[in-house]
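One structure, as structure tokens, below. Some questions next.
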């Protein structure tokens, strides 16, 4: 039998999450049954996802966005209903946030870089003192349309204030827009991220740089999927990715 | 029908807890059913207490020590089992910590002061910038034995380095030993608290002051009991105090 | 002649900005010429906006988003080019951020509430310890389409997990999505804000509440426009609002 | 002649105290005469202890609990009388707190582990980010009575909610009760510490673990005694341990 | 007999020092004998001053600069010798720092303002959120030489980059140079303080303002002298100011 | 052509400034033209210095004291005029503060140590957790007059409470007086620094140590001059040191 703790310990070690400062309480967040046969993976921990996971007979769910952040609320309202569902179905919840953004092989950013065939890869994008993204050279000069075609989904937003052909690309998944100006300073032709904020348009115009937002959710399916591959190979468990599609 | 929120709001207002800085997340901590017929009161939130409360058919439990403090743990181990029990039995948990130590009528300290018949009462004992205890004159000069006899339980520890007859008494329930030296400076003959730490003995000897520790638990039954009286009078609910005796 | 300082002092007093804690350094941010005949208003301080303001012969620009936040960067790159443009054209820059979100008459939220004809208005939405938005009753039960029609722009995003007819509305401009769950707890039928983040969809679904995002920019044109009205009436200066349209 | 500074420097180096964050100001706390012939060791710095040390003709006293902690008080009251006594008798005071709890050979925890003959020792018990205690296997399965018999003093408090025979033991001297739940998580059969707080009883019951409190004082005589052995061997000084017996 | 505590309490109340945040631990700093007949006043607590005070048979010394600041050092070296001298001579030390700079009647700044006959006085100079100095109009337009002649000592340093005749003066005693730029912004013709730092010269040149540094020590004799007057009138004690002249 | 960034990067690397915590924002502070032919060096960034640098046709100025510290002010008043001058003349400003005090070869302290011919040099003077000065043996026993003669300028202040012949010297440039007591503890005969505060005189008297203050400005010309030598050798640029003499 595969035990809950053997899986959690393995992933914690693999991602080196003990040393990564994060608002998320990474690792096991809600304890369920001890023996694990089926694990369901997803981007975010919420009731819709938990219901689908229960219907799929999950013993454990693993997400990028968990339920426990720096300051837990009282066990009331929506938070209570989420905890309650897990406890009543005896399902474990484990989550890894920054460790799954920044990991050099499995991370959201590493996976996107790989998808585009980027070369001369170096780490990029300081977040709370640590570089969590990557930048490098596209395999050839590409238009924005050509870059878009490499991803499964259409972007939410594109600004084309930069070159018509992109060579240097910088990538930070999710809410990476706060690091956009670092991409300008680093000389990137194109910055790819998940969601956007208002100031982004004028940074793009003044920095003469292209900008592509794939959606917070859509830019962060890669890390958990890669983790699912790793866990499925390492442990005798059945795995499944469940999508709760999200336009943001 | 009496609703959960009407009770919580009433107590929050009565104790003025919104303005009191506390490591405890005071108020509703775990949400249960909405309609309340029976409330069980106790000193501390733990599984033994919850089981007895469930057997007594509680819809809500109210304690001095709750489950949520400044840094919540993951929902695992002992913490998870406590949350789980409440959720599965649909019982509300509400807790008030400092507000129930320091309240001028219902508080642990106010109640002990009243039990001893103290006169010329003034507030005493600065804790994080606020006075949370009381001091004043005993109704007559009393020996330590005479003071002991006013309480239902024998003290855990007594140091008699002070006068044989006590007149000025200072009181802080629970872990109030950190404020012991303030009692020396304030000229008290006797300091009454709950638990003790190692340095206390020599402060008593050098301060030539008497010291009485009633036990952390035993010094903190007074506040919740007084709150039970208030709530029972205000709302049409049945109430009961459940004791999980504790030597510390 | 109208002087720079008379205008700045008047607005600071009117908005009570000295007492409002904010990441923005509210008030005069970059000093330009002393005598003011023309003021240009806008949402955000950036080069595109400054160029249009200079073409419009502005002596001062007033924005909601300024250039100086809690930690100023070195005077390099994009930040340097913005400062440089102002200095070379001798244009003053003054900005008010939170004071212009939360003001009870001029603020972005107060203006949107007014646009919808909301009644029984009360303050709503705690941000860093202070309520900055408003909630209340729509003049009649309205569909999402009917609410949309009250604003000049189409929303960026709508979730209709709530009632088909909305009565109770809660509003926080700009990046107010972090306060969305407070709208659920307060019993709102509809929450209106500017921009969105990934977690919003499932809060809407679980909270059975409608959600409308007008765009960060589009939800924050109201405060500066109202301020323009006030300043234009108070001082003998010419005023103009300049739009740098922004889809986010 | 043996000088004050040669002793202080030697102990600081041996314990590596420069790198250990502590509320105590470890090292020389009150300067007395320069040449040292006699050193008296004890658990806590207080007047009773100082008087006995002076009667024993001490040139220096070394304690686990000193007089200087993170926030020094004014030189008044009890603190003043303690400083005064040392200065008038020209006695040095040096103290090491955490360094003497956690040292792998001399520390309170290492010494208790040794007293019980524990094997397969590993570090245990995170306190402010560092492990300061130890856990391991008792030389054979032992009852609580058998464990008690290994120490010179009877425990203050025992909870026997766990197994009747103990094999895995975890130890943190003094006020180590805050780390009790870590012993549950680590699978210990028995947790040994100094003093107790109210919550401990129910953690023991729910964790199905045995608990033994030896007294804060009694659990912390071991470190200073071991340090006394080291110093007596290294320097030509006479040494003596002076006991100020303390029930807490 | 006049007691130590009656004097300390009276001054604490008079200066309102309980509400003033300060790096200095204001009030009684080192406890000496209880009955007070003679108090010696001075600017700074040090051995030279203590020796002269002891020779003058002081029971208490009161200074502007005491011995205890936010982080007390170990009782070693120079700090130890100072504490030792007081304890061996049983002399009390009490000190008030910011309360004696900023007090509206007795304070160093209020006294200097009075010395110059300043009118239309208003508070000036924000230090950690509070205004601690004063500014106002000189009784007539004065040259720097005329201002100098009002003080007992020649200034350490004068910069005359401003007007030849001064009307508006701003004053902060001691190390007030950090608030110099506030004097420029407030439109002062002359800024008077105690000591200086390197950047001051160019602020004076660019601000076209005059600058006068009287010496840290010499600008802070006024407050303690005024306090001496108050205490001598209020209590039956003999008083004396002792000067340890200091060029800085 | 020599570019701005090549020079900045080279100095940042050479001084290792990325790892040095400092209130100063070290490195490029205000961006000017890209190609550099002439660099002017000075102690402090101010308008007088900038005007002289512009007259000398500087493309870049490098100073020890820059314009950007931990909390930047709004771009108004004196700060605005300084920024404006640089921007209008397209001159770069780069500054290094602590890195240029503490560097083992180029630093102000290292240079003064070299000027005196000090031997057996070791680092000295803990400032925010790091040693930034040096101490060691003078080449022979020297009187204060002899030490003075080694510097280009007369000291601002000398206290001769120590030996008539000095052998052990400790040095910290600028406002190093806060570390004076560390020199006493380290057994120095003479402490050399830049500026002074009031408490220094009595520390010197009680520590029986000599004290020499060269002026904040005059003690900090050495580092930038040494840096000028380095940069002039490394890059094909013309260099010049410009003095804005300062008595403090």
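Letters A, B, C, D, E and F name the chains as they come in the text, with residue numbers starting at 1 for each one.
Just so we're on the same page, a residue touches a chain if its C-beta (ideal position, glycine included) is under 8 Å from a C-beta of that chain, and two chains touch if they have at least 3 such contacts.
Being a predicted model, the structure only gives us computed values, none of them experimental.
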Common contacts of chain C and chain F?
none
Path length in the contact graph (chain D to chain E, fewest steps)
1
Selected interface, A-C versus A-B, where C-beta contact pairs are more numerous
A-C
Please flag the chain sitting at the greatest distance from chain C, going by CA centroids.
D
More than half of C-F's contact pairs recur, by residue number, in one of E-F, D-E or B-D. Which one?
D-E
Between chain A and chain D, the Cα-mean centres are separated in Å by 47
Using mean CA coordinates as chain centres, what's the chain B-chain F distance in Å?
59
Give, as an integer number of Å, the spacing between the C-alpha centres of chain C and chain A.
31
Could you say which residues in chain C touch two or more other chains, in rising order?
77
If contacts are counted as defined earlier, which sequence of chains do you get going round the ring from chain B via chain D?
B, D, E, F, C, A
Where on chain F does chain C make contact in their complex?
25, 27-31, 68, 72, 74-77, 80, 83-84, 87-88
In the complex, chain A residues that touch chain C
43-44, 46-49, 65, 77-78, 81-82, 157, 174-175, 181, 184-185, 194-203, 205-207, 215-217, 220, 244, 246-248
